[in-house]
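Pasting the structures in now, so scroll down.
One chain, chain A, appears in both complexes that follow, with chain B as partner in the first and chain C in the second.
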Partner chain A sequence: MTEYTDKIKEISKRVLAEGRVEMVIGFRKGSVPMMNQPHLATSAESVDELVWDSNCGLNLANYITDKKGTIGIIAKGCDSRNIVTHVIENKIKRDQLYIIGVPCTGMIDHHKINAMFDSEILTVEESGDQITISGNGFSETKDKQELLQENCTVCTHRNPVEYDELAGNLVEEQKNVDQYASVTKVESLSADEKWNYFEDLLSPCIRCYACRNACPLCYCPTCFVDESRPQWVGKSQDPTDVKTFHLLRAYHCAGRCTDCGACERACPMGIKIREFTKKLNKDCQELYGWEAGLSLDERPPLDTFKTDDPDEFIK
Partner chain B sequence: MKNFLEHTGIEPGRLHFSWISSAESTKFVDVVTKITDEVKMLDPANKKYVKTEPKVD
Partner chain C sequence: MKLIKIDQQSWNTGIEKAKSAYRVFGPVKEKNDHEFKLLEPNEMPDVHCQNTRLSPKSIIYPQSQIMFTYSLDESKEDCRIMKEVENVKSPMAIIGVRPCDALAFPIVRKNFDTPEYQDTYWIKAYEATTFVGLACNNACGTCFCTSAGTGPFGEEGLDVLIIADGDDLYAKPITPKGESFIQTAGWTMKAEASIESRIEELKTSAESSVTSSVPTDQLKNKTTLELYDAPFWEQEAFSCINCGTCTYVCPTCWCFDVQDETHGKSGIRMRNWDSCMFPLFTNHASGHNPRNAKHERLRQRFMHKLKYYVDKYDNGIQCVGCGRCIRLCPVNIDIRKICDKMNNFDADSCVCEATSS
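Up next is the complex of A and B:
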């Protein structure tokens, strides 16, 4: 995907020069390998810092919330779905945006790669679908497919759903992937086993809220966890408080989550936070036939009322 | 909500939803009786979402 970089630069320079947008939101190289950082380019010189490779896993829709002015944004499949969600939720107007669509072949998982090697990784280079990871005294080349983030392996919307211009040719969508395999596995457990599964899952959580900050859906001016009047949830490390935070966070994403994986990517402890949002996505799909962020003209299921809405849970 | 909480390990039967008008006193009594009966059948030792004293290692 590195070949997109030049095209992205060319488009960005053009839309900035034409005055179509005031800035372009993209990625630039981070200070450590595999950690590209968001970059807001406002001039031709700063556009030159833009890059595109398999380390652009963060979701750029996070940076357009309530922004004034016109913005160019580089969007892979999931970013574009989150942009659609933002437009639906009135967090930005569609005509403020110039969306540079990037067909995506998946992002690589820095947690997975770091866990493969004992010593520090100094460079990660990409060429086609081969990734070369090297550090002091070692260098290994692997297939990108093996290193993908988990959400990318089950992604069915690699191409952007909404864009003004593409930075590359559309890629083939993955078919025959079981998006909800991990959820189905947990569903088959008993209540106690489920409880223990999630206790274990969350035990490393340090309540840093990186998952919330990385999430484009989490844009409340004051998050419920930061509020102290009223205090919705305890601020301690008690497992009850940790779990309450995660359940509420996930529930706030119900019917909105695009499974972009930014939360998992941002988690310093490598917790599989998507286990929660995945279940809600599955429910939305099964109960309402809904996948978030696919159309600008459709209201989300939790925002509408239909007489045939499922109501088995209520007596 | 019910699906989700039960997915994360709350036993089925702990969580109930009902829509009762303020005029439906008999329905209210019926529902509450049914809920208390059902909850009493569950294991009382299974206390979830109850904070305990912090563990000291």
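Up next is the complex of A and C:
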């Protein structure tokens, strides 16, 4: 995917020079391995900092919420779906945007890769579908497929769904993936086992809210955990309050989550937060045949009413 | 220098002996990363881990801490009276504190233990603790301790420094507290005199393994308001998502928020770590927020550590160069880069640049 960089720069310079946009939002190379940084480019010089590789796992739709002006935005499949969701939810106007679509072959998982090695990783280099990871006294080359973020391994929308221009040729979508294998596994547990599973899953949480703040969907002016009148949830490390935060946040994302994985990528503690959102994605798929962010013309199931909505829960 | 040699066997038995006199904490591998925790019987601290994901600050200063309890039951005599939670601390020892993290405790002490105010919760825990440090032989790529007032063999804030040379360990007592820990552990074997030059060698090699150097020499000379108004803050804050990661993983961040929680007729008053990255941190009851924009919050964090603290205490920067915020920031905001910008900031030339662009 590294070959997209030149094309991204070329398009960005052009749309800036033509006055089509006032700024371009993309990524620049980070100062530590596997951590590219979201970047706002407003001049040809700052466009030259833009890069594209397999470390662009954050979701750039998070940076256009309620933003004024005309914006060029680099969008892989999931970013484009969150842009669609933003447009539907009136967080940005479609005509403010020039979407530079990037067909994606997946992003690599810095948590997983760091866990593979006992020593510190000093460089991670990418060449085609091979990734070379090196540090003091070691260097290993692996297939990118083995190193992907979990959401990327089950992604079926690698190509942007909405764009003005593409930075590369469309890629083949993954077929026959079991998107919800992890959810099915948890669903099969008993109530006690589920409780223990979630307790263990969330035990490292430090309530830094990186998951929430990296999520393009979490744009409430005041999040429910920050409300003081009434105070819905306690502020301490009490496990009940920690769980309340995660479960309620997941429900707020129901029917809206694109499984971009930004929450997991951002979590400093490596918590698998998608275990919650994925379950709600599965429910929306099963109940309404719905996947978020695929069309500008359709409202999400939880903000519409249809007479044929499933109603088995009404007794 | 009085050095004690500890072989593997006496290390293990020494740690076990210490557990009978102290609550002993140390780094152990939890899931994928090392964290400090209270060691169980026969559980050993991992002295070969590079550094823990979170600093040991929470052992002295827990993320959530109950300070008072109260009752709202009118039939009781102590109704509506805040009762301090009994805070007697049994002796604690933290094994494997890296010199950067050790320096953080005297820095944080400047906030919790002043002539005007003494935070008894922090002070009691701090005074009950013996800090058994572990010298770093190999720095991480993000470490810059040598620019932050310490180094891989730094001793400030420690009672004992342990130095590992392969499988051999050496203990250097620094304070009387440290001497008594060594005595409790039963480590008595004097190291041969020749080891001192070997340790100097290890120290030099460790220091040269710190590849990041961050100049801080000009921070004190900068005019606060010029730095505050510098044009780079908005640009540097662009990627910031205003999570609390940097502040929570930082060994020197000390801010907290006080909360009451009432359940029925009884309640607790506690404090929880707070973060200047959160909008709520400065939100006034009126609804006004003096740090409403994210670059204002990001600026506060760096100005506090690298300018206000520098000016107020004349004690260097409020950062120990552990590199955690760099490694764990989800959006790659790098304190080394920002410190460099602040240290090199020239208000006159910047104004010209801003006007011309």
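The criterion applied here is as follows: the second predicted complex is superposed on the first by the 315 of 315 C-alpha atoms of A that agree within 3 Å, B and C clash if a C-alpha of one lies under 4 Å from a C-alpha of the other, contacts with A are read in each partner's own complex, and residues count from 1 in each chain.
By definition in this document, a residue touches a chain if its C-beta (ideal position, glycine included) is under 8 Å from a C-beta of that chain, and two chains touch if they have at least 3 such contacts.
The structure presented is a predicted model; accordingly, all values stated were derived computationally and were not measured.
K.L.:
According to the stated criteria, A:Tyr209 is in contact with first (chain B), second (chain C), both, or neither; which is it?
P.N.:
In the superposed model, A:Tyr209 contacts chain C only, not chain B.
K.L.:
For A:Leu296, select first, second, both or neither according to whether it touches chain B, chain C, the two together, or no partner.
P.N.:
A:Leu296 contacts neither chain B nor chain C.
K.L.:
Is A:Thr240 contacted by the first partner chain B, the second partner chain C, both or neither?
P.N.:
Only chain B; A:Thr240 stays clear of chain C.
K.L.:
Is it chain B or chain C that touches the larger share of residues in chain A?
P.N.:
Between chain B and chain C, the winner on chain A residue contacts is C.
K.L.:
In the superposed arrangement, does A:Ser31 touch chain B (first), chain C (second), both or neither?
P.N.:
second
K.L.:
Contact-wise, after the overlay, does A:Ala44 reach chain B, chain C, both or neither (first, second, both, neither)?
P.N.:
Once the two structures are laid over each other on A, A:Ala44 reaches no partner at all.
K.L.:
Once the structures are superposed on A, label A:Tyr197 by its partner contacts, choosing first (chain B), second (chain C), both or neither.
P.N.:
In the superposition, A:Tyr197 contacts chain B only.
K.L.:
Taking the superposition as given, does A:Asn114 touch the first partner, chain B, the second, chain C, both, or neither?
P.N.:
second
K.L.:
So which bits of chain A does chain B touch that chain C touches too?
P.N.:
In the superposed arrangement, which is not itself an observed complex, chain A uses residues 234, 238 for both chain B and chain C.
K.L.:
Contact residues on chain B for chain A in the complex?
P.N.:
1-12, 16-19, 31, 46, 48-51, 54
K.L.:
Which residues of chain C touch chain A in their complex?
P.N.:
30-33, 50, 53-54, 63-64, 138, 140-142, 235, 238-239, 241-245, 248-249, 257, 259, 261, 270, 272, 275, 278-280, 326-334, 336-337, 357
K.L.:
Of all residues in chain A, which touch chain C in the complex?
P.N.:
Its residues touching chain C are 30-32, 35-40, 43, 58, 62-63, 111, 114-115, 119-120, 122, 136, 204, 206-210, 212-214, 226, 234-238, 265-270.
K.L.:
Could you please specify the touching residues of chain A with respect to chain B in the complex?
P.N.:
183, 186-187, 191-199, 234, 238, 240-241, 243-244, 247, 250-251, 254, 276, 279-280, 283, 313-315
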